[in-house]
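My questions all concern the structure below.
Residue numbering begins at 1 within each chain, and the chains themselves are lettered A, B, C, D, E, F, G, H, I, J, K and L in the order written.
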Amino acid sequence: MPGTYKFTELVGTSPVSFAEAVKAAVAEAAKTVRHMDWFEVVSERGRIVDGKVQEFQVVLKIGFKLERTP
Amino acid sequence: MPGTYKFTELVGTSPVSFAEAVKAAVAEAAKTVRHMDWFEVVSERGRIVDGKVQEFQVVLKIGFKLERTP
Amino acid sequence: MPGTYKFTELVGTSPVSFAEAVKAAVAEAAKTVRHMDWFEVVSERGRIVDGKVQEFQVVLKIGFKLERTP
Amino acid sequence: MPGTYKFTELVGTSPVSFAEAVKAAVAEAAKTVRHMDWFEVVSERGRIVDGKVQEFQVVLKIGFKLERTP
Amino acid sequence: MPGTYKFTELVGTSPVSFAEAVKAAVAEAAKTVRHMDWFEVVSERGRIVDGKVQEFQVVLKIGFKLERTP
Amino acid sequence: MPGTYKFTELVGTSPVSFAEAVKAAVAEAAKTVRHMDWFEVVSERGRIVDGKVQEFQVVLKIGFKLERTP
Amino acid sequence: MPGTYKFTELVGTSPVSFAEAVKAAVAEAAKTVRHMDWFEVVSERGRIVDGKVQEFQVVLKIGFKLERTP
Amino acid sequence: MPGTYKFTELVGTSPVSFAEAVKAAVAEAAKTVRHMDWFEVVSERGRIVDGKVQEFQVVLKIGFKLERTP
Amino acid sequence: MPGTYKFTELVGTSPVSFAEAVKAAVAEAAKTVRHMDWFEVVSERGRIVDGKVQEFQVVLKIGFKLERTP
Amino acid sequence: MPGTYKFTELVGTSPVSFAEAVKAAVAEAAKTVRHMDWFEVVSERGRIVDGKVQEFQVVLKIGFKLERTP
Amino acid sequence: MPGTYKFTELVGTSPVSFAEAVKAAVAEAAKTVRHMDWFEVVSERGRIVDGKVQEFQVVLKIGFKLERTP
Amino acid sequence: MPGTYKFTELVGTSPVSFAEAVKAAVAEAAKTVRHMDWFEVVSERGRIVDGKVQEFQVVLKIGFKLERTP
C-alpha cells in the first residue's frame, strides 16, 4: 500500500449488534470520506435502559488513503 | 450525569454471538441492580468443544447510579 | 485443567459478523489441531470496499491441550 | 497491611475539578463502606454542554480492608 | 445516543491545573466544532522551567455528533 | 460454562510468597462468596521494612457463578 | 508551549526503513497542515511479498498548533 | 544473540505455585523444542474448587533459537 | 532538543489536588536535579482516612538534560 | 483478504538497525513459511557490549495465509 | 505518606522462585538505598538452560522516601 | 545472568534515524555507567521544524549489572 494514509476515529451505534454499529459508522463516514480501506476496533460499549441493552456502541478508527495533490 | 456511579464486572455467555452474551449478562444483572446506565466490554473469549465454538463469553463492566440515602 | 496447554494465534474472516469470523478461524484450525479448549479475542479489524464493510477480521488466540507423549 | 483488602470501582463527578470528583465518590462511598484505605484513578472523562466543560468524571477504585468475621 | 460520533484529539495547556488545561482545549475547539458531548483524558504532561512547573498539558479526545446531511 | 459470572477484586497478603497471598485472599473470600471458579492476577506488589521484604501483596479478580433466583 | 494543539493520525510508508516512512508521512502532511511541532510513533508494521519485506509502515500522530482565529 | 529466535506460547499448570507452573510448561516443551533460551510471563491465573486454590496457571512465551538449515 | 535526556521517577503528595502533588515533587527534585524540562504523569492515587481523601499522590517521570562532561 | 491467517512470532537481530533486524527475521522465516503477507512489530530491544550497541533486536509477528487442504 | 518518594527500577534473579528474586533485588538495594517502603512488580521473565528453568528474573520498581535536606 | 541489575531510562536524539538515537543515548550513558548489558525501547517520538523531521527521539531503558560491594 504505497502512499500515505490517514485515520479518522468514530463511534458507531446500533440497537442490534457490534457489527451493525461498525457498519453504521462506515456508512456515515462514506458520505464525506473517499478511499476508505480498513477499520480497527478501539473499544466496545453500550447503553442500558430499563434493565435492557438499548444500544451497542463501537469506537473505531477508519484508515483511508490521502489523495496526492499534484 | 451528576451523582456517583458504581461498576459491577460480569461475564455473560451465549451460544450465538458476543452481542447476545452482553444481553444475557445485563438481563441477569437487572434482577438485582437498578439504575443501570451503560456497559463497557473488557474482553471477549469463548469455549471450543469438538472443534466448534460452543459458547461466546464477554467480560463487561456495568455502570449504575448509586441511590443517595437521605 | 491439569497438563500443559499451547496457544496458536489466527485471524478469522467473515463478510457477516465478528462471531462468524471467530467460527471460521476455529473451523479452519480444527482441520489440523486437536483438543482445542478455548479462544481469546486479541483485536478486531475489517476491510472497507466502496464505502462499505466488506469483511470482518478477528485476531484470536486458541488454547489447546498438549498430548503427552509417553 | 496484613489481612485481605477489597476494591470497589466508582465514578465520581464534579463541576469543578478531577480532585473534587474523587472526593465526591469517596464521600458517597463512606456512607456504606468502612475501613477505606486508598484509591487508584482508572481514567478521567467529562461532559461538555454548549461548548463548555460541565462536569469532570473520575473512574476510581477504592481499596478497603475486609473485617474478619470470627 | 443514536447517530454517529467523531473524535478530535487535542492538547490543552494551562499554568494552573489539569482541569484548566482541559477547559482551555474545549473552549478552543468550541470555535469550530459543534455538538461536542464528552471528553476523555489520554495523558497528562507538563513543562518545567527553572525548577518549577510552568505549564500543565492534557491530551484529550473530544467526542461530538456528526450532523447528518440530508 | 453457561450462565452469568461475576468478578470481585481483592488484595491478598502474605509474608511468604505471591502464591500464598493468592491463597489468603481466596480463603477470606470463601467465607462469604460461593461458587468461586477461577482467579486472575491483576498486579503484584509488596511492602519493605528495614530493607527487607515484609509482605507480598497480590491484586486478583475472582470469578464466581451467579445463582439464578427462580 | 502555550496555546492549544491538535493531533492528526497518519500511516507513512517506505520501502527502505521506519525512519523514511515517518519522513514520508510528515512530508505529505506538510502539504495541508501548518505549524507541525512533533510526532509520536503509535505502531510499526509492514508488508511482505515473495518472502521479502516490501514496505515499512509507521502509524504516527502528528501534533500541530491551532491558530487562534481572532 | 545473533541469529533468529522464535516464540511459542504455552500455559503451564501446578497445584503448588506460579514458579512450578512455569517449570512444568518448560519441561513439557523440552520434549519437542530444542535451543530454548528464555521465557516471559504473559499472565497468571488459576482455578478454585470448593473455596480453595486448586491450580496455579501461568501463560508464558518461550524463546528459542531457530536452527539454520544450510 | 539535541543531546541526551534522562528520566527520574517520583511520587509527589499533596492534601489539596493532583496539580499540587506534581508541584511538590518537582520542587523537591529541584534541590538536586538541574536542567529539568518536562514531566509525564504515570498514575494517580491517594490515601483515605476516616472516610475522607487525606492525600493526593501522583507518580510522575521528570525529564532533564544530561550535561556533557567535556 | 478472505480465508484464515496465522501468526508466527519471531525475534530478528542485526548489528545495523531495526529495519535490518526485521528483514533478517523475515528472510529466515521465508525458508519454511509460505504466503507471508505482513508483519507487526511487538517490541524493540538490543544488546550492549563494551558501552556500545552491538545488536538491534526486533520482536515481530508475521501473518501468513493458511492453505486450505481440500 | 506525606513527603516525596522516588522509584528505582531493578531486576532481581533467583534459581528458586519469583519471590526469592524479589528478595534478592531488595537485599542488594538495601546496601545503598535507605527508607525503602514498597515494591511493584513490572514483569517476570527467566532463563532456560538445557531444557530447564535455570533462573527466575523479576523486574520491579522500589519506592523510597527522599530525605529532605534542610 | 545471576546478580542484580538496574535500569536507567534515557532519551536519545539523532537527526538521522531511530537506531542512531539509540546509539547516541548509549554512548552518552557509557561515560558514567559501567556493565551495560541491554536496552529496551519504551517509545519513539520526534520533532518537526518547517514541515520536516528534524530529530528522531527514542525513549529507552538501559539495563546494567550492579557491582557487589564486598
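Throughout what follows, a residue touches a chain if its C-beta (ideal position, glycine included) is under 8 Å from a C-beta of that chain, and two chains touch if they have at least 3 such contacts.
Not measured: the values here are computed from a predicted model.
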Touching chain G and chain H alike are J
Compare the contact pairs of G-J with those of each option in A-C, A-G or H-J, and report the one where over half match by residue number.
A-C
Relative to chain E, which chain's C-alpha centre is the most remote?
H
Approximately how many whole Å separate the CA-defined centres of chain A and chain E?
21
Rounded to the nearest Å, the gap separating the Cα centres of chain C and chain F is 30
Rounded Å distance, chain E centre to chain I centre (Cα mean):
23
Set of chain I residues in contact with two or more other chains:
9, 17-18, 29, 47
Write out all the pairs of touching chains, ordered by chain label.
A-B, A-C, A-E, A-G, B-C, B-D, B-F, C-H, C-J, D-E, D-F, D-I, E-G, E-I, F-H, F-K, G-J, G-L, H-J, H-K, I-K, I-L, J-L, K-L
Within the complex, which stretch of chain I touches chain K?
8-13, 24-25, 28-29, 31, 47, 55, 57, 59
In their complex, what parts of chain B are in touch with chain D?
1-7, 9, 61, 63, 66, 68-69
Complex contact set, residues of chain H against chain F:
16-18, 43-48, 51-53, 56
Touching residues (chain side chain H, partner chain K) in the complex:
17-19, 22-23, 26-27, 29-30, 36-41, 62
